[in-house]
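In the two complexes that follow, chain A is the common piece, with chain B as its partner first and chain C second.
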Partner chain A sequence: MRTKQVVVVGLAMLVVAAAAKAGPPAGGTISGKVTYEGTPAKMKPIDMSKEPSCAKMYTTPPLAETVVTGAGNSLENVVVYISAGAPDDAVPSTAAVFTQKGCRYIPHVLAFQVNQEIKIQNEDQTSHNIHPLPKINREWNKSQPPGTPAISEKYDKAEIFPVKCNVHPWMHGNFAVLKNSHYVVTGDGGTFSLPNLPPGKYTVTAWHESYGDQSQEVTISGSEAKTITFVFKAKPY
Partner chain B sequence: MANKTIKKFCLNAAIALVLPFGLMAQLDQAPAAKPNPNEESHIGDLAGHAHAGAELYYRYCWGCHGARGNGDGENAPYVTPTPRNFVAAVFKCRSTPTGTLPLDSDLYNSIGRGFNFTNMPSWITLTAQNRADLVAFIKTFSARWVTEKPGTPIEIPAEPKLTIESIKHGGERYQKLECWKCHGQEGRGDGPSASTLTDSNDQPIRPYNFTSDNRSKCGKTNADLYRIFMTGLDGTPMPSFADVVKPEDAWDLVHYLRTLQYNNPSPELALWESTPEGKAIVAAKKVENTNTGSGIKP
Partner chain C sequence: MGKLLAIVLVVIAVLSAYPIVTHMFVLPEDISTHGRAIDQQLHDTMLEAGLSFVGAQIVLAVFVWGFTNRKEGSPLKSFPGGAKVAVIAAFVLVGTEVLALGVMGQKAWAQVYFTSPKPNALQVQVQAEQFAYYFRYAGPDGKFGLIHPDKIDEGNQNYFGLDPANEVEARDDIVSGELVVPVNREVQLLMHAKDVGHSFYVRELRLQQDFVPGLDLSLHFTATKIGKYEIVCTQLCGLGHYNMKAYLNVMSEADYEKWLKEQAAQ
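Moving on, here comes the complex of A and B:
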């Protein structure tokens, strides 16, 4: 009798554990669009005259990228991610790449996971220094002359923070270090899509470098697609 | 008899179902690390203790560095650059690589030396034991000292013989590495990027002016100068060149930088001025009949 009970209990535990650990099935999707209301500040053209090797790469000076908008009041460079309700994901083996080209950062916002490798490369004719400015992670500052190998780094805590080059004061970017693989940085059109979400209650957060962040709760019960929108209040300055 | 068995079974099944979830929930929650109030410091044979350092801190340091050690003391609004924030634990003068914590001896030396061109005086008037105790107390402001070990100090090879070739090669490095972008062609701190520099708190900051004198931030010796560009001054625009400068080139650069400090007599400057080329370059830079001769060009 005792033995039978132990066996049953053991089996029950195994079944539960297996069900919990099993990879997520093709689940639900949360998608939508990020827009702004009000008048955003006008982006000024960047004066690169102090760095002729970069200035000559542009026929017209590029605009600053603090606020990038598109058709239909859409907002680019917004990090949309699951901030609660999803477990941490395994570290991807591919590196996220951050490029300095034309004395600008490509992409303007780089999103990647905790402990994922990032590779920073310099494709310009001038030296840059890479100076990410985290408050929770460790702050470092490295020089990267042209023709030197990519810098390989990683961050072990979730945080979103700016990156700058001190030599070229107009260069601004952001790193978003996230805990799971459910994230998107909006592009032209401001749309985002977070698929493969198992049933559960999720908090979706949208972060913009100038307009701050907002969160919404979304519940997925099966494999449905839910649509949400984020609307940021634009500042005229 | 059957009822009892069923009851027992249900109870066991309930426990079996709940237990794994309980365990997994626990694994998700890692408590945030807290600073250690009983930090110690070790500098050579000297051992410092935080509780002894606390008294000294609240007598001598908190006016600038703040009651909570985050650099917001009473004097802080009137002080440029702003006082060190011990909660952030990002330090300028280290023997360890960029992004890592300094050694206890780095902090000890900083307290004793003070920081030139800032409001941080030399505290050499305090005893060695006092300064060691202060180092221990400073570490109680940040949990970084609990979760991270200080970096491994960089290896500094023996300084090679001083030669004209070394100085000239250092000059080539200065050009190639684009030091002049901030420090200027003559090292006056007036390069094209100098006026836009800000530190990590977005406060304006000036690059070092080599022509001012010999008092650079982190000490007077050639090894101190070597360390500055091979570990970077964390929290400032000055990066680490450790990944892109070979140690022998680094020593050449140190020799060249000494010739930029033309108001500071040194073996490097003397050797440089003993050549016609070097003499002409230095003479062109020296400005006569000014208050300080410190390099203000008319």
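Moving on, here comes the complex of A and C:
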């Protein structure tokens, strides 16, 4: 009997040692869905008649992208990120890409990290003049004729701000400059997932360009998956 | 050499007049009710200036021909009366010419700028900004909502700064990137600039008006032909000025009503 107990304890110690050698656990996940309640404003079609080279790329005029909704009252283009509780992350070496195509910005919301390189491309046959409008970062605007190389820029402070084109008034996008790598921009379906979170107390913030931002506190103690939802109040105008 | 110069002067004068006299360059078609008077004024000005120009060049050529190759030592002849007569003659000639053109043309000018629009003219608000024109129609309620500059949000297509959430009149206002008007109906444009100076120019309408920031300006016209015409900005307004244009779409009354309904539904 005693031998058996010794073997079991010995095995248990080996397993623990092996687990410890393998490194820290994968971490918890905070996931969920962003939805809205109420009636959202109707998106109007964009009149691009003053720029025929872009207008002809669409069979029907595209809609404005301020409020993009999906099935089940889901909300797209919401930046969901950890605003407190996580340390700042190293700057990724890959660049975030922002494209001007069809006289629109793709993606509508670009999220990236502080000091990460962003590359702005012009795939249209017309000149654009991209003009991001930050309040605490340095404001600049740059002309970009067709066929010219991508503009490379970066921001050194965390901030979320709009982007416009000085030549085409209807063009509208957003930059979200964030401090860590735990962020996601919701797509079709409004779902988000923030994995690889070490144990700790986190503040998760969801930001929408028209409906503002909301925060929730979530505590991760091991490698569990926690689900939260954000519900924004839609405005009819 | 002098005689050659005289010949060259006459040749240049005649060659310059030739394209004008033979109507080599035709004016764009005239689709407005006041266009005829303006075109007539253009024609009169060209005729008067043309005759004066050719006449002056020929007189100059005659003098050059006649008084060239003056023999060394022969007495100089001066114009009778000297410079004073020439100056007075110039004043009288040019003054009469300009006065005549002004008097003859004042009716054309007055037709466009000094008459009020009819009380039932279709009112369309025009806002010029860097680098597009936007047009606002009052919608079914016939009233324009108030403009709130602090609410202007171009990314959300709120170019005029309307407040539909709090103002009923603003809810049905139709904002368009195209100026759509019914044919044969008087239209009054209520114009203002959002930022810097621009200018509204439709050559077929024979209308041009500078937008001075801070001023509310008004023009009225009646379009007489269905079609799509270009509105171009003719006042340097920045790096996108070359690209700043919109379209005037003149439609039949029925098509115009249909367009209004489509816009209201959006």
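Please note the rule applied: the second predicted complex is superposed on the first by the 212 of 237 C-alpha atoms of A that agree within 3 Å, B and C clash if a C-alpha of one lies under 4 Å from a C-alpha of the other, contacts with A are read in each partner's own complex, and residues count from 1 in each chain.
Going forward, contacts are C-beta pairs under 8 Å (C-beta built on N, C-alpha and C of every residue); 3 or more make two chains touch, one makes a residue touch a chain.
These numbers were taken from a predicted model, which means no experiment stands behind them.
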{"item": "Touching partner for A:A64 - first (chain B), second (chain C), both, neither", "value": "second"}
{"item": "First (chain B), second (chain C), both or neither touched by A:E139", "value": "first"}
{"item": "Which superposed partner A:T126 touches (first chain B, second chain C, both, neither)", "value": "both"}
{"item": "First, second, both or neither for A:K101, with chain B first and chain C second", "value": "neither"}
{"item": "Partner chain in contact with A:K56 - chain B first, chain C second, else both or neither", "value": "neither"}
{"item": "First (chain B), second (chain C), both or neither touched by A:Y237", "value": "second"}
{"item": "Chain B versus chain C as contact partner of A:K201, first or second or both or neither", "value": "neither"}
{"item": "Partner chain(s) touched by A:P45 [first = chain B, second = chain C, both, neither]", "value": "second"}
{"item": "Contacts on chain A seen with chain B and repeated with chain C across the two complexes", "value": "50, 126-127, 129, 143, 166-169"}
{"item": "Complex contacts: residues of chain C adjacent to chain A", "value": "129-133, 154-157, 159, 164-165, 171, 176-178, 238-240, 243-247, 266"}
{"item": "Residue ranges of chain A in contact with chain B within the complex", "value": "1, 5, 8-10, 12-13, 16-17, 20, 50, 87-88, 126-127, 129-131, 133, 135, 138-145, 148, 151, 166-169"}
{"item": "Touching residues on chain B, where the partner in the complex is chain A", "value": "5, 8-9, 12-13, 15-17, 19-21, 24, 28, 88, 90, 97-100, 148, 176-178, 181-182, 192-193, 196-198, 200, 232, 234-244"}
{"item": "In the complex with chain C, residue positions of chain A that touch it", "value": "42, 44-51, 64, 66, 126-127, 129, 143, 162, 164, 166-173, 210, 235-237"}
